[in-house]
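Next up: the structures, one after another.
Common to both upcoming complexes is subunit A, partnered first by subunit B, then by subunit C.
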Partner chain A sequence: MNADSTVAPLATPMLPEGVPAGSRIELLPSADGGSHALLLVPAGTGESLDVVEAARCWVAESVAADSRGPIAFPVLLRLYNVELAWSPTRSAAIAVEERFATIRDAVVDFTNLEAELHGIETGIAEAWPNYEADLSFAYGFTEATLGQRERLLGRYAQVMSLHGRLARLTRRITQPAPQPPTLAGQIGERLRERLRVEERDEAADGELEVLCGHYDACGQRASDYTIARRENMLSWTIIILLVIETLLFAADLLASAGT
Partner chain B sequence: MRHLSIDILRTAAIFMMVVVHFVENLSATYETQASGGHPLNPWWLPAGLAAPLFTLLTGVSYAIWLGVQQRRGVADAAISRRTVRRGLFLLGLGVTFNVLVWLPEDTFNWDVLTLIGTAMLMLAMVRHVPLPVPVGIGLAAMFVAPVLRSIADYPAYWQNYHFDYDFTLSDVTLGFLAVGYFPVCPWLLYPLVGFVVGRTVFRDPTSSAATHTVGSRTLLMLGGLLLSAAAVASLLSLLQTTVTSESWRPPGWTMFPPSPSYLLGTLAAGFLLLGSLHALVDMPTPPAASSRPRVVLPPRITAYFNRISRHSLSIYLLHHVVHIWPLWVYGVATAGEPTAHWQSFMPAWAAAILALAFYAVCGPLFAWLDERGFPTAESVMRWVCDEG
Partner chain C sequence: MPQHLSDTPWDIGILGGGPGGLLTARMLEQTAAVPPSISIIEASDRIGGKVLTGMFNALPVPYEAGAAELYDYSAIDEDPLKQLIADLGLPIQPLDGSSLIHNDQLIGNLDDLRDSLGSEAAAALVQFHHRGRDRLSPREFYEALPVPSLDGCEGGSFETLLASIQSPAARRYVERFIHSDLATEASRTSRRYGLENYLMNDPAYMQLYCVAGGNEQLIEAIVSRLSAQIERQVRAISVGRGADGRLTVETESAGGRSQRSFDAVVLALPIEPLKHLRFHGDGLHTAMQRHIAHHDHPADYLRVSILFDKAFWRGRWDDAYCMLEDFDGCCLYDESARDPAEDHGVLGWLLGGEAAVAWSQRPDAEIVEAAISALPSWLREPARHHQLEVRVHRWIGAVSSLPGGWQPLPLDRRHQPDATDHPTLFVVGDYLFDSTLNGVHDSAEYVADWLTTLMLDRPGSPA
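Take a look at the complex of A and B:
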């Protein structure tokens, strides 16, 4: 769920085989306009391994296209008698009916947070080839490369936007979990740990520092060159006027010398 | 990187120059033209385009040459050195040419070669500055020219429609600045504007078709604006004078000295021709066949334009030699004075036929020279200026 792109809402998936009656799938709206499918399986007196495996397989079906580096999907959690399998596009929870609302809120909250972080990471990954291509502009501009300013401005705005989004996200990531511990709070905490959200946030911040510093330097060089160019123009205007004056003076002198 | 549009226009410019010089040196006089009595008068108006087009293309070609040198990674100092050497070479060649062809008394008549040499030196100076600066210098040269002519008393230097000067520092310098045949004021306007056109329109050979379209359209639009300005300048000069005896000639249209309407009109013609040809023969047609121009000329025709354009300097020198030297020799033999038959040697139509015959010979002649690797003015210039 890349927050940069508008994701088409998913069609409601079919219930997997092997889940008990009363199970249902809810399509949860996500911040990017897409949806996240949550399979809610009401818990009985004791869950058979088959039901857990069916739920896990159902979640795993959707993860082929998703990648978060070394993190394997689905992420499996067990806490407070809740079995939870999570992936970026699907989740499955086996719990008593009364906890479904809490689980739903926790999944929506974390899924949106993680999607935003992944969107930022994708944006950073796309910015690196441009960074390599634009390295020379951090050193200086010439008349021929001045036309690249608009393109660099666009990339600067893109990188700064990513940095701004990450700064807002960091506040959400680093806010303390509610005390005393709640089911929703614990689901969020555990998922953040398993998906290394804090480390990824720090890494993204470090990368964006480099990118922002580079495009900031490019902007500075472009500005320096533009100012120097303007001053150059002024100097040349004065030079041209002085040359004209000298020409007129010389012509006058030569004409009078000739007569 | 050669552009067919530039080759075609340079071929046309050198063709006009050859015809003009043959006819004017062997038969016509400025006096008969000015009186409106010359039979070729209605057809003679485009002849005034030759020198402006030639000098405009000098600037365009220099910008393209500069781009090629930069893309090849030639050091900036080497580019400066080559440019300055070329400028000095052309200046020296121009003066030598004047001595040898126009005889020593016309050593400092400031013809087109010395103008191009000076323009090269100027381009070496302005090639690093923002593009409005060369335009500003060109416009300054244009606007200051009438004032300089007024101060220098221009009519005093022009007797019988020819530049007549004394070998004094004042006359030679004033001739270079304002009163010669092609003084830097205002003639520097053309190469400087041409340089800006070259840097903007012909900047990058790998640019997209859309960029080419924008370049062509901009040239056409500017050409239209300049044409309108030339018309306004003509109308203003018409209001100022009641003498309009030369009905074929736009009011205020003079080449010596170049009037505002002449400068603007020839610049407009250069822009319109360059823009049209760039769109037709250079520009890839988007989007289907992006690598093909709209009009594809047969390879032999393209090669011909290419050859004539590459050897335009040699043709310029040679066409003077082949018609002026025999004229001088014949003058000495029959009247004891080299210039005895100048402008009265034959009828205009006969001179025009001779010019066409000379031009017809040029293509095969330079193909033959190229084939055998014989030196030409251009190869000598490259050897002197570009080596090392």
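Take a look at the complex of A and C:
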């Protein structure tokens, strides 16, 4: 998890009005150091629309600041005997109490996965202005610009780190859901589908290919320039030494001719 | 076999205007260096066979009266049928569903199953699933590779495989889950075909989809691109060899009987009409009887489609299909899920096997009442209240319960019943592969490739 994206733990929110007795909120620790609030509502014999709406509104309260492009929060899922509203910081589930543990695990797992992907996407978005500014370095260096090498190295390390994180995440994203299907597997699969996780993963991979390729080229050009400069200096050193040697030889000849 | 060449293209007769005949014609027209002259002879007044998209009278809302879904194998490898649909510019709609309604409860996953049927049943199902995957891998499923432990009839029918499920509740669950796909009883099909029908619910093997707006659009799209001559309401009576060495087909239509000669004939007919076709000559007659006997394992469907003024089930059930316990296991489709813009609701029941045969003999009204009674209680009353129109389609003996037979023959023998004396007489059918549209595509492709090679060897008509 990107250390820059660490968020402060949330205080436990209040239970919304309209949810039945027995409902509770759990604060789930997230991998970025923050918390994800999960409202668990025990299901009765067919939920009234009011309960579903109350749970949805409670999740919607938290999502004003969240953005994932065209995806609207909260994401609403209706699975077999489970209603789920999900946002990056809050979720609400209506289900029989026996399912709470499974739902909790599935929500924690997906929330962490999505947060990591979002962290990588944010890192990529921040890297693009630098990329634009550094475009000329992929062509070549001059004596005046050679000092930028350290800064470029830092940016190269940054995009390579993002690429490494994405590669580890891709393994989790492309892992097939368990079969026969489990509730946790279905929740994860549906959320991945609704949050377009696979497409986002592919897009991030494509962007990182470009960024890594660019900084790789910059490194190559810097290295080429440094080597060329060293070769140039060495050539001049040899020329000077040869001139000195010639002068000494000439002086020696003149001296021996005089005696 | 006639020896001399001529400049005229091959004259090919295709008996049957279903998907097999149409696909063979399309592939021949596309791949042959010299396009053959093709005649498609269809006994009925309709082209398309088991691919039939009906339209209600009360409202112009489509429903699938025949083949309801297509199989998507693209997760494993190439999928030529899906590619064809894409090439024809037809939109597709994935179909999702994995639930069975048991005692009014949706069993949508292992957790629900554990609650409804108990931990023992859940464990037994997981074990059956994992053993099934070990026995038949997705690649073996896709390539139809031989699996000695599953092929043949020595080890018993699919029933013996089901008997290995220790928990009766889990066994019953599996039986109900795949009954309508099998269209027969477990005792009448092979271990392999039964297992394939179970494993195809696992996305690693395949996924389901349909042509958005109706599967029959596929037929219409193929027909609109064919140059072949399509003759409707012309019934083939017999096939034999004429004095000139060409194959002859005797036909009957409103204009009377006539005899036609072809350089090659493709029998793209289901087994039942094939049984009523006469074959002249002892050798051909014997070869065709052997072919029919090997593949004659009829299976049955019954389809009930009901139009409702609204999709009242949404919110409680949102999948494209689920399984019901009645009729020994029956598939319930939310056909209106195939068109997100559709305001009205359409439910389709697919009954299979003995239940389909038994109910097909009853009047439509009784069948419809039984279908509605099979719904969970929370859908039954709204179904009666919102109903607008019903349709019933009987498909008795229309598919195969044992495609390929107990021991599938080599592909050449499957498609060419009399290689020695009638090498230009071919058969095409879904019953040779897996009783699906994908299977008939494979069969048509095999025969079209073969005929194309023959035409390349002898570019002019052999007549």
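Just so it is clear, the second predicted complex is superposed on the first by the 237 of 259 C-alpha atoms of A that agree within 3 Å, B and C clash if a C-alpha of one lies under 4 Å from a C-alpha of the other, contacts with A are read in each partner's own complex, and residues count from 1 in each chain.
Here is the rule we use: a residue touches a chain if its C-beta (ideal position, glycine included) is under 8 Å from a C-beta of that chain, and two chains touch if they have at least 3 such contacts.
Small disclaimer: the values here were computed from a predicted structure and weren't measured.
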Notebook entry, point to check: Taking the superposition as given, does A:Arg99 touch the first partner, subunit B, the second, subunit C, both, or neither?
Noted result: second
Next item on the list: For A:Glu143, decide between first (touching subunit B), second (touching subunit C), both and neither.
Entry: first
Checklist line | First (subunit B), second (subunit C), both or neither touched by A:Leu254 | finding: first
Next item on the list: Have a look at where A:Asn81 lands relative to subunit B and subunit C in the superposition and call it first, second, both or neither.
Entry: second
Margin query: Per the contact definition in the header, classify A:Ala177: touching subunit B only (first), subunit C only (second), both, or neither.
Written below: second
Check: Looking at the overlay, what does A:Asn232 touch: subunit B (first), subunit C (second), both, or neither?
Finding: first
Check: Touching subunit B and also subunit C: which subunit A residues?
Finding: none
Notebook entry, point to check: Considering the complex alone, what residue numbers of subunit A touch subunit B?
Noted result: 143-144, 229, 232-233, 236-237, 240, 243-244, 247-248, 250-252, 254-255, 257-258
Margin query: If we count contacts the way the header does, which residues on subunit B are in touch with subunit A in the complex?
Written below: 70, 128-133, 136-137, 140, 144, 147-148, 151-153, 166, 168-171, 173-174, 177-178, 185, 203
Item checked: List of subunit A residues in touch with subunit C within their complex -> 46, 78-81, 98-99, 102, 176-177, 179-186
Next item on the list: Report the residues of subunit C in contact with subunit A in the complex, numbered from low to high.
Entry: 98-99, 105-113, 115, 125-126, 129, 133, 202-204, 315-316, 318, 378
